[in-house]
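One structure is given below, encoded as structure tokens.
A, B, C and D label the chains in the order they appear, each numbered from 1.
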Amino acid sequence: MATEHTGADGAVRKWHEECGIFGIYAPGKDVARLTYYGLFALQHRGQESAGIAVADGRHIAVHKGMGLVAEVFNQENLQSLAGEVAIGHVRYSTTGASSLVNAQPLVFRYRRGMVAIAHNGNLTNATKLRHELGASGSIFQSSTDSEVIVNLIARYSQEHVEDALRRCQDKMEGAYSLVVMTEDKLLGVRDPFGVRPLCLGQMDGALILASESCALDTLGVEFIRDIEPGEIVVIDGQGVRSLQGRRAAHSAHCIFEYVYFARPDSTLDGETVNLVRRELGRNLAREHRVAADLVTPVPDSGIAAAAGYAEVAGLPFIEGLMKNRYVGRTFIQPTQEMRDLGVRLKLNPIKAILKDKRVVIIDDSIVRGTTSRRIVEMLRQAGVREVHLLVASPPVLHPCYYGIDTSARGELIAAQYNLADIRRHVGADSLHYLSHEGLFSSVARGAENFCAACFTGRYPIPIPAPEEATKYSLGGR
Amino acid sequence: MATEHTGADGAVRKWHEECGIFGIYAPGKDVARLTYYGLFALQHRGQESAGIAVADGRHIAVHKGMGLVAEVFNQENLQSLAGEVAIGHVRYSTTGASSLVNAQPLVFRYRRGMVAIAHNGNLTNATKLRHELGASGSIFQSSTDSEVIVNLIARYSQEHVEDALRRCQDKMEGAYSLVVMTEDKLLGVRDPFGVRPLCLGQMDGALILASESCALDTLGVEFIRDIEPGEIVVIDGQGVRSLQGRRAAHSAHCIFEYVYFARPDSTLDGETVNLVRRELGRNLAREHRVAADLVTPVPDSGIAAAAGYAEVAGLPFIEGLMKNRYVGRTFIQPTQEMRDLGVRLKLNPIKAILKDKRVVIIDDSIVRGTTSRRIVEMLRQAGVREVHLLVASPPVLHPCYYGIDTSARGELIAAQYNLADIRRHVGADSLHYLSHEGLFSSVARGAENFCAACFTGRYPIPIPAPEEATKYSLGGR
Amino acid sequence: MATEHTGADGAVRKWHEECGIFGIYAPGKDVARLTYYGLFALQHRGQESAGIAVADGRHIAVHKGMGLVAEVFNQENLQSLAGEVAIGHVRYSTTGASSLVNAQPLVFRYRRGMVAIAHNGNLTNATKLRHELGASGSIFQSSTDSEVIVNLIARYSQEHVEDALRRCQDKMEGAYSLVVMTEDKLLGVRDPFGVRPLCLGQMDGALILASESCALDTLGVEFIRDIEPGEIVVIDGQGVRSLQGRRAAHSAHCIFEYVYFARPDSTLDGETVNLVRRELGRNLAREHRVAADLVTPVPDSGIAAAAGYAEVAGLPFIEGLMKNRYVGRTFIQPTQEMRDLGVRLKLNPIKAILKDKRVVIIDDSIVRGTTSRRIVEMLRQAGVREVHLLVASPPVLHPCYYGIDTSARGELIAAQYNLADIRRHVGADSLHYLSHEGLFSSVARGAENFCAACFTGRYPIPIPAPEEATKYSLGGR
Amino acid sequence: MATEHTGADGAVRKWHEECGIFGIYAPGKDVARLTYYGLFALQHRGQESAGIAVADGRHIAVHKGMGLVAEVFNQENLQSLAGEVAIGHVRYSTTGASSLVNAQPLVFRYRRGMVAIAHNGNLTNATKLRHELGASGSIFQSSTDSEVIVNLIARYSQEHVEDALRRCQDKMEGAYSLVVMTEDKLLGVRDPFGVRPLCLGQMDGALILASESCALDTLGVEFIRDIEPGEIVVIDGQGVRSLQGRRAAHSAHCIFEYVYFARPDSTLDGETVNLVRRELGRNLAREHRVAADLVTPVPDSGIAAAAGYAEVAGLPFIEGLMKNRYVGRTFIQPTQEMRDLGVRLKLNPIKAILKDKRVVIIDDSIVRGTTSRRIVEMLRQAGVREVHLLVASPPVLHPCYYGIDTSARGELIAAQYNLADIRRHVGADSLHYLSHEGLFSSVARGAENFCAACFTGRYPIPIPAPEEATKYSLGGR
């Protein structure tokens, strides 16, 4: 695999992650601080910006900024956010410097009062909706889908916000998990296919919504259940009410969440990420047994699969590539002359372990292949005798339109070259991907419940025509 | 007089100042940098936030932030603002910490493309307009009138932006000077009464709009003319076109701009501020001759009037109160025990000059009286024999609704007490205000061309009913 | 184990780490930038402050600051550090806010010109030396040993710096690895016992000194050798010269470097850290076989030992505790009410893996026991059936005087309680430490070559009397 | 004159200012906060860095940083400075970015405990002293004279600090006003000629030392007296004790303090600055009467002289040049193309006042002439008929060696050209300087009590030979 992008988190990353959302209804508690900790647990889902909005029954206040949760918030601004309900958001990293305008939650005043919204996902018909709304006088400050959604809510503002949200579901196409807040109420919404995750927890009187269960664990909150595809939950003084909105015949949970995105300790829609990854490694071993001396992961996302592989293959699991935990923090890039430093700053092969060995190296996926190539090269320099690159997922052939800032199809190495060519490109002695069967047999629920379009090209939700995609965008910032 | 508020500029200030706006059309020039310098010259009109938006023919980019122009902008973010047209804004200081959302220019995408706007003034029917717009689905992120105006423009978006602005003039009540920018065009708009200033200049091919002529001088730009009340100017590749919109029978230029707000070196609607102030001082001397040894100003706004007074009265002009130029920079307030320090940090009486003297002290105006009292007290401690407080404007009796964040009527000392009581309150041996006649004879054009409502109570534009004012506000920020 | 301290790195840490040092002689190369990357690789050795000094043949310039390497340096200040020789330093984290004065390298002008120094270790007779120096007129700005050393150098300034350093070795007692720089020369010094590591590398003409070999790897530099105990190396245009200073009969390399401090991918004095740790785990399995379902590490320092344990014990290795990679970045501590959050923000047990299981949990060491207790508690809440806590090193019984900011003896849980009490305190079903034999058989060289005083109490270098230690300290900052 | 340098204060400045020092002994009071306000009043004496050191009877803590007092200190770091005695320092602005090492107060530990020092002035034999101290083992971190002084103190540390200071006076040549602090004592020292000012004040139990009396006024502190040339005052629980050290036959108070440096509201050694300046203007009028329509100052330093000139000459005083109060804050310099902007950003001539007039423009002094030239040019562009430049001091012909970072002799325009040439260079219709007699008759005490070497070349203290000056300097930072 990978390292196509290095985010602010020091992680060796592949695709831009999406977003993380969090909501809490807890009169009497310090909701801003709890949201802060919740976002902290979801930080891996986005490092570009962070924000918290708080409602106190009459007003909604918000603070947001560029950077990590711990950089955006301090004692002082957290204290200034007093209230009974809160929502929060972390957003993925982009190159644009000044996209504070896109940071969430967005807070608006409309006919019925104030509303705040935080969104994870991507509307496939956002361009069309912007166009329609603009024609009747709507204006837009950001390029976020959230602003489109709030405008839709305002259009349906004759009705209560939950009913307006149900009306919105009829207009919106694509993937969305939302937390919405009025002056005194918290709502959670999931798209008809349940592409992006959203779950519900509780803790002595408080009710919490979060992208991943790890945020509940961090707060010591009891997991109640996942929000259903198409469901709208309304949380207020009366507790939780559920409205079932549009629901598709099948779920289409994003399988890449398990392969790479989500935190290993999260359980999403019934599947624990770390266990899925270990099973991916086990299945990989069942499909591709290689004569080797040891199994080593590309850290961190390949660790569970490598341990699973080692177990089934009966080979020793050993960390032969060391990751620098501080890597994400460097903003000073090596010069051209020092370009080899790029990957060495992040990963260092341990020669004493690897020299003269036949090594199975396990990565979770390969997107563009650039990093895989550099890793193999580094292993060769460390004196590895044979490098066998095994990938714990199938080839990535198709871009994602449901909330992941993936590369264009032309950049996906597996969409351009065949297996032999890729092997030659990365320089491995052998290269093996997991099969589609191996992928789907690693999750408990049937393949029909997942969106695996990036692997299979079967898009559960219609994707926008290419010319649509740029027609109405707000531009570069 | 004064010091009711101390802004970030170290100035001893009275009322919150309003805003300053700037626009430039200059293909081939560094419009962002020129706007930066222009705002720099208008910094006295607002120290809370600053912003610059730039259009390059296809897109509008914006950078804004809290603080002074020199704090918000640096080499890097200025360079990122490339284009052919630019508008800029400085905003007055408030206590609210996080009102970045209110910083201008505002940039929006609407049906016909992108539009940016910067506003100086106050709409008196903004609440009503927000209500109407909200009822048909508009949403608001800020509490600025600018957002109301952009929503109006979007409603009239079947037409060109200049026509939409003319339609807007029919809906908007109150005081407004606007600079508006599309992807390739600059527009300037002034309300039917011309309450807030706006002028036009040119420099080898470039056309510039600015709140005050001092911004033109700073850039070495030739002053062309003031924008007329009700006029809309459109500036693009064809040069300047003028549309005459709604115009009132009489102008109502804010007279307080001359008394206190504007920079002394500006000429607004034909009157040079410094000369008006000197004349105010001269007229004050004609009305109130006092037996004294010297004349000293409350710096800086009282200097010109004091010099004029000294000249007519035949008394020596001498700076007996020294202002600390760094005062605005201190954010650490003296504790209660040290409360006397408050005014001493800003002003220091020079005992060697003042001791045993009969002193005429000239202030430009008195709003709440608190600072006047402290100054008189300080002068007494310095051994002054007699303190004669002379004010180069009439008593401030009425709040402003046209763009100045004035105190409520209850805080205006002259609205509560008679002359004798005020004199006793501030502790002066004598207290004299300039008469209305003295005020109006200090300007060249007739009294009927000015708004002097804060002195006279004659509001040229209907003011909102009290209950209106809070009904639809965005709340605490 | 652990988490007695949480540093800025997000690591679950135990003892304050010491310091990392780096030096490079490379005319014609960007020595500041190479030092930056070298420090980056040594960041785990200190997160409080960072600094780089550069010599250009005539002058030494320095930049240092509080925080991580990537926070202290930017493109601009790195570029201002031009030269041919450079040294750098990272310092451990303390609670004191403003200890910039203690940041290194220290740069001084003395009789023979300029000298810069960076130090890892601790002089046991620093108090006595300060006293002697002070009596003859020396003054001190910092509380660092480095300033003592530079004063000693200045006292011997009749001689060349390398000879002065040899003279210094006769005065200095304790542990020290030093990089020293004059205007045109780089020197490396190691104490007679070689307590703290220091190695030498080269890369087309450049010569490099670093605390750990991982810094050489990161730069793609070839490892040459470790500096010998007592050795002084002089690096200049003539290459490397070696002077053998005082050398002890036996080496006393710090064994805790292998157990916990050093980066797993480093090889120090012939031993590869990761392999030592794996062997510690293997030996632990040979000594303490436990009936269990799986082995899970306390991340990150327990991973290698856990994998080694799992291999020998024939149990599955699985990561059941998930670490939040962003944890070090939070500066906002949970309130008392939320105190349970403390450890949950850092570590989250994966219930789906652990529930109803008999778990062997491997930690590298236990210092105070507080964190171990919280981890066991967390595992219980996750439904673990049996918790067996196995520690891959012997009980820590004695404080370190050689450069590690360890707890006082009274805080070391193993120095206060017996095994049964500790087990009860942490709440485990069983608790096992590695034996001294198991420890020493994990390293290739004999026990007599290591300092293991924290485990054995056998201090190879005399330690200061208690009253000495505070008599002459510079105080709290 | 003017604007050779623009500092962080927005002032149009000439020579780098020197430094300001402050000390307070006030058990039971918030000495750090009082020092903060004191430094605030002395900010005009230095804008590069600021620092405060506080002693609590046992320890000395310090905080300092680059920038203005209000930038360096905040509520938090002020609160952390608790104690009974404090000293503070503001330092002039230089171009070097990272000279934090030179920021004062300096704090050292020496044989007798801790000592802090803040210095205003310049030792003329610092190089020689550094050399002597270095030969016997002293090391230096900064290039400040203060570090030399502390090293001297340490050498005399057999004696009490006041006696050591008396011994120091025998070694030190040049200009120095010092505040020195031990753990529980405050000392003030002035050089034998009293070149730099220092005064003493008191306020219910507190005793204060300050560079200028304006700092006492700001705190509401009663002025007691100036410290005598050569005097050492010791302030502790016993009150004030005075030791008379070396004293010269005549004082040599810096006359440029009155001409330009000091705050107008200060009284130094019996002379009130503002009155001296007014008298300079009056004398200028007596010497050079010009047929003109009005008198206008170069703000701010020319105001008092211009008012004095106007009074004697019987001409109207009017501010025809407007200064932008925010100018010092701009860090973005105009590009070459915009270079005319340089002076316009700071000063704007008011055309309505100046057009077709014969103008007397008063500046306090001319150093390099560059700014004078630009101002005259600007006045011409504003349509002034005749420009008569009158300077309220004699030609500056000689550099200062006593604490002012003046230009080299080659840059002093009056040292290179005759009057006619200078007039032509600046472009004025006439140019007149004040005579030496006019200068000295503006102060009350006789000429023999002042150092006016920059005008007369008569240096009261031997100046260093040119080769000396660079031999032992610490270099560029």
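Heads up, the rule we're going with is that contacts are C-beta pairs under 8 Å (C-beta built on N, C-alpha and C of every residue); 3 or more make two chains touch, one makes a residue touch a chain.
Just so it is clear, the model here is predicted, and its values are computed rather than measured.
At the far end from chain D, in terms of centres built from Cα atoms, lies A.
A straight line joining the Cα centres of chain A and chain C is 36 Å long.
For the pair chain B and chain C, the distance between mean C-alpha positions equals 60 Å.
Those residues of chain B in touch with two or more other chains do not exist in this structure.
If you draw each protein chain as a dot and join the dots that touch, you get one closed loop, with every dot joined to exactly two others.
Chains touching one another, given as pairs, are A-B, A-C, B-D, C-D.
Listing the residues of chain C that touch chain D in their complex gives 58-59, 61, 63, 77, 80, 97-98, 106-111, 114, 134-141, 150-151, 154-155, 157, 474-477.
Remark: chain D residues 9-11, 30, 33, 36-37, 40-41, 43-44, 68-71, 73-75, 78, 214, 217-220, 263-265, 267, 272, 274-275, 278, 300, 303-304, 307, 310-311, 316-319, 322, 324-327, 329-332, 334-335, 338, 340-341, 344-345, 348-353 touch chain B in the complex.
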